[in-house]
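Shared chain: subunit A. Partners: subunit B in the first complex, subunit C in the second.
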Partner chain A sequence: MATLSNRLSRWTLLLFACALVNFLAAQGLILAGMTWPARALSAPGTLAAVHLLVIGWLLLMMLGALFQFVPVITARPLTSQRMALWALIGIEVGLGGMICGFFGITASPVLAMALPAGATAVLLGVLAASWNVGVPLVRARPLALPGRMVLTGLVFLVITVMLGLSFALAFTVPALAPYLAGLLNAFGDHALAGLGGWFTLTAMGVSYKLLPMFMLAPEDRGIPGDCVHILGTLGFALAVAAGVAQVWVSAGFLRIAQSSGYVAITIAVAIYLWDIRRIYRTRRRTAIEVHNRAAVGAFGFLGLAAALAISSLGTGRPAAGAPVSVFLVVFGWLGGLGLTQLYKIIPFLTWLGRYGSALGRASVPRVQDLVRERRGGQWFVLYFAAILLGSAFALSGSAPGFRSCIALVALATAGLVTEYWRAWRGHYVQARHAEAAIPPFLASPRE
Partner chain B sequence: MTMTEPLTLDVREILRSGGEPLPKIMQAVGRLAPGQPLRLLVTFEPLPLYAVLGRKGFEHSAVRHGEGDWEVLFAPRGAEAGSGAAAVAAVPHTSSDEWPMPSAVLDNRGLSPPEPMMRILEALEHLAPGQVLEALNEREPVFLYPELQARGAVIHTETVGEGVRLLIRCAG
Partner chain C sequence: MDAAITPDRQYVLAALHEVIDPELGYNIVDLGMVYELAVDAGVVKISMTMTTPGCPAQDYILAGVYERARSLPGISAVDINLVWEPAWSPQRMTPIAKAHFGIQE
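For the complex of A and B:
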């Protein structure tokens, strides 16, 4: 007998809304010329924009999705709906503190303390969120591949944030922990743990569930899926651990371990992309919706980012290619996958919240009636094209060219945000359905 | 009681040539010895037949071997499940004893969410209190459960092959 319980995450749409605002704010910082490539990678504006992107946008978006996704794949409720809100508050307030800290480091030592204080709040928020989704995941073992990948991702998330907090302490109060000072050289490993171990593995796990579900393809990914998970986990763990260890110990075997990690990651990404192609090719649903058509762009950018990272490592000039790879991962792969899947998740949750109780009893619109796929599709084309062009400008070192592409990215993002808003408001739904109440957002759905 | 060797009937050729296999199936059912199951080989899952033979006291269990290749075992109620299809996807004992025969059957396979949920809730509105709807889905309809709970319906879920079979009893 299946457990009957409410399956709608109370705060998910609020997390999505905050995430999208942060994404637009980060784009604003880039457009204002306060970040790389106009400024240095270590400039306060760059650090603020990067953390607005990864914490403010990607983390909140991913957690919002997980708060909804984990109860679905585990058939268990979250530890607590309220904990999701506390996680959001901790992360948003902490992020605000961190941004003040980045800009305040050179201005005043007191203001600089906002950096470790903010990082602590983010850590607390992340711990609350991880506990919230981690407990149902652990209790639902044995887990299918998506659940296992999310659980692995959560471990990397906590490691990433703890590394970040150590940086903040080393940066602002070097006297407190002098042995941490060298850690600042490991910022690349911090980024790899976060963008790779956490975001990429988790996004892969979620995509392994969502794609087959809406395209009617086999969910069991067999040995290739397990290879992606195991090689990805080993690869990111080895690369990050060996990278951080080299802060204190310079040894040949650590460099070999780090390189082996990169190779494992590359193989995992290659198998994953091949497997995703298999999902598209073996799908039973011939006409697929725009969110999955557009997601192909995100998968393409994952491949492109990996290829660029390999080529810049191979030529021994990681400094040239690495920032562009990170840009492709953040905007193209993770951002692109997020925006495309939100185009389905937001209307889906809105539709459930608004029409669920009327289903079968009254004429209700379909989920796809809440969106205009043609408009969404046009914004996705602009978004991905602008990122491709922007990466070319960044590689050639043209800051103005890069910024003009970001302006197009911002336009496409704003266009998509408008479409999400319209889906939520029921803008496209015919007048006969329009009298239905606004769906749960800040209000609680039926418990 | 050991299970009698099933009588096998292959109607795949008849179906492929556009013919009507029902007379042959009913003939075969008439030839069955007491307690003997019927093993039917078909090109698709014969959903209407479930209700027809269900009324004659048969439980069904189906296994899909491939595209256009189904094996369905119709066992007289009370016969012990043996090997083959029945062992893979046997209806749990409790469901047949405690649940009335389904009044309607919905095949939701090949539909992506939330269409199965919409169809089920719509079909339930046409049933009388206490009547049962049988639905075959690609996956467990997790978002359906709160709606069923709110409507006082009861659901029994079981895995069948690559999908799930749902029995939903209307409130009342």
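For the complex of A and C:
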């Protein structure tokens, strides 16, 4: 019998580790006062922190999860395990270049060239990752709802990164592509394509598989699930396309299309949150684990971010609420969902690496024995409470208050990282199981 | 002592209680993942499933079932047939497993 599985992603834990380091680094930049709200949204420190968050943290975390998740939903292996490593290298090196470039824009024209060079490396990494998970998804058609949503998300990911590369070129070598200069006004659409079309649709798709699986709830989402996918896709596509087109063409129908996109997105988010509530209410497993209990906070922040964005647009002051909405989406919704699910995924992958081969031969712990839920739960409460308070300070324009809340967010994140580390090291596993353990790993099993 | 044992279905099933589904943290027998099990002249034939297709732990669980059954005295071969029909559902759990997860009968 095989003892090592090609269903396991060899590099996922390494991607998670890099992602968490980047998340803490971004929080460090905010705490150092180098970013919004202490500085302008276009300040180098803000741009560096934002890209550390969305590329360094969220993108790597999501790709690490997809490298493991796609073989589960397609019952097919990744195109290549090695391609996942190349994607990681391209994205990390590219991100480093981009950060150098952001600080170089005002300091050194030569250093600024690191921005398009880094963005190109990120694009190559993203294309490698998209190919790696896209091919098994396409080959597994017809896909269930989670797979369709992930595939849609991948299209938005490539669009987002290509838009970002265009920005980088427009920033640093305007003479090369003068027609791109106007694109710099479309950074909001770049953010919407990334945070909405890519991250949110993909997170929704993944949650539609994982939540029912973990909580033993019905997986078939029926018409509401299809509505979330179709309205979400149309909404983000319309809003982004119409927004970008208005850089060159000022036409009433584009504004109508953009507004229609926002309406469709709002309806999709509302249906999704209602459907998630339905999953929780119809679950067969009454006593659920902490990662599912804490995820409720992330869903709440999605609703809060959407409500804030709508009220900002409705009152004609999008500039006032948009940064806080983005903060809620990045830290509360996507970051919160990521941290909560890592609390299950990291122990699960660790279990497979350390104890999987001993199953049937020796006494092995349960995945649940690798964590202490009470400790994890306390960090999640602190994390979400600090984000809620931080968003209130940001809305009121209090930069010191916001930063003090980010200090609490950083403390909670560090606490959770410690718990992930302990799970990976088998810190909580009782001695009677110890003989079954093999040395910890970051990059096994082998291809 | 080993030579005196004639392994039967119950004997093998009892041993398979030591093989867990790592995600649910419960043994595969009470979870209802073992659909059929027969023992004939020291050969164990098992028909079983996973809680979800594409489960990352699939190969480990199958290997665990094989190793545990094969290690029993009087067992010379183990033949596992992984099936997806009928699909697993929480209804397949034994009452004791349902009680553990708080599932109503």
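What we mean here is this: the second predicted complex is superposed on the first by the 431 of 447 C-alpha atoms of A that agree within 3 Å, B and C clash if a C-alpha of one lies under 4 Å from a C-alpha of the other, contacts with A are read in each partner's own complex, and residues count from 1 in each chain.
Following the convention adopted for this analysis, contacts are C-beta pairs under 8 Å (C-beta built on N, C-alpha and C of every residue); 3 or more make two chains touch, one makes a residue touch a chain.
Predicted, not measured: the structure shown is a model, and the values here were computed from it.
Participant: Kindly say whether there is room for both subunit B and subunit C on subunit A in the superposition, answering fit or clash.
Facilitator: Subunit B/subunit C on subunit A - steric clash.
Participant: For A:342, select first, second, both or neither according to whether it touches subunit B, subunit C, the two together, or no partner.
Facilitator: Once the two structures are laid over each other on A, A:342 reaches no partner at all.
Participant: Which partner does A:68 reach: the first (subunit B), the second (subunit C), both, or neither?
Facilitator: So A:68 only meets subunit C here.
Participant: Contacts for A:17 in the overlay, against subunit B (first) and subunit C (second): which applies, first, second, both or neither?
Facilitator: neither
Participant: Between subunit B and subunit C, whom does A:126 touch in the aligned arrangement: first, second, both, or neither?
Facilitator: Neither: A:126 stays clear of subunit B and subunit C.
Participant: Which holds for A:368: it touches subunit B only (first), subunit C only (second), both, or neither?
Facilitator: Touch partner of A:368: subunit C, not subunit B.
Participant: Just subunit B (first), just subunit C (second), both, or neither: which does A:59 touch?
Facilitator: A:59 contacts neither subunit B nor subunit C.
Participant: Does the superposition put A:115 against subunit B (first), subunit C (second), both, or neither?
Facilitator: In the superposition, A:115 contacts neither subunit B nor subunit C.
Participant: Could you list which residues of subunit A make contact with subunit B in one structure and with subunit C in the other?
Facilitator: In the superposed arrangement, which is not itself an observed complex, subunit A uses residues 1-5, 7-8, 71-72, 75, 213-214, 216, 284-285, 348, 351-352, 356-357, 359-361, 364, 366-367 for both subunit B and subunit C.
Participant: Which subunit B residues qualify as touching subunit A in the complex?
Facilitator: Touching subunit A: residues 110, 112-114, 117-118, 120-125, 138-140, 142-143, 145-150, 155-157, 162 of subunit B.
Participant: Once bound in the complex, which stretches of subunit A touch subunit C?
Facilitator: Residues 1-5, 7-8, 68, 71-75, 213-214, 216, 284-287, 348-349, 351-352, 355-357, 359-361, 363-364, 366-369 of subunit A touch subunit C in their complex.
Participant: If you look only at subunit A, which of its residues touch subunit B in the complex?
Facilitator: Contacts found on subunit A: 1-8, 71-72, 75, 213-216, 218-219, 284-285, 348, 351-352, 356-357, 359-361, 364, 366-367, 446.
Participant: In the complex, go through subunit C and note every residue touching subunit A.
Facilitator: The contact residues of subunit C facing subunit A are 18-20, 22-23, 25-26, 51-68, 71, 90, 101-103.
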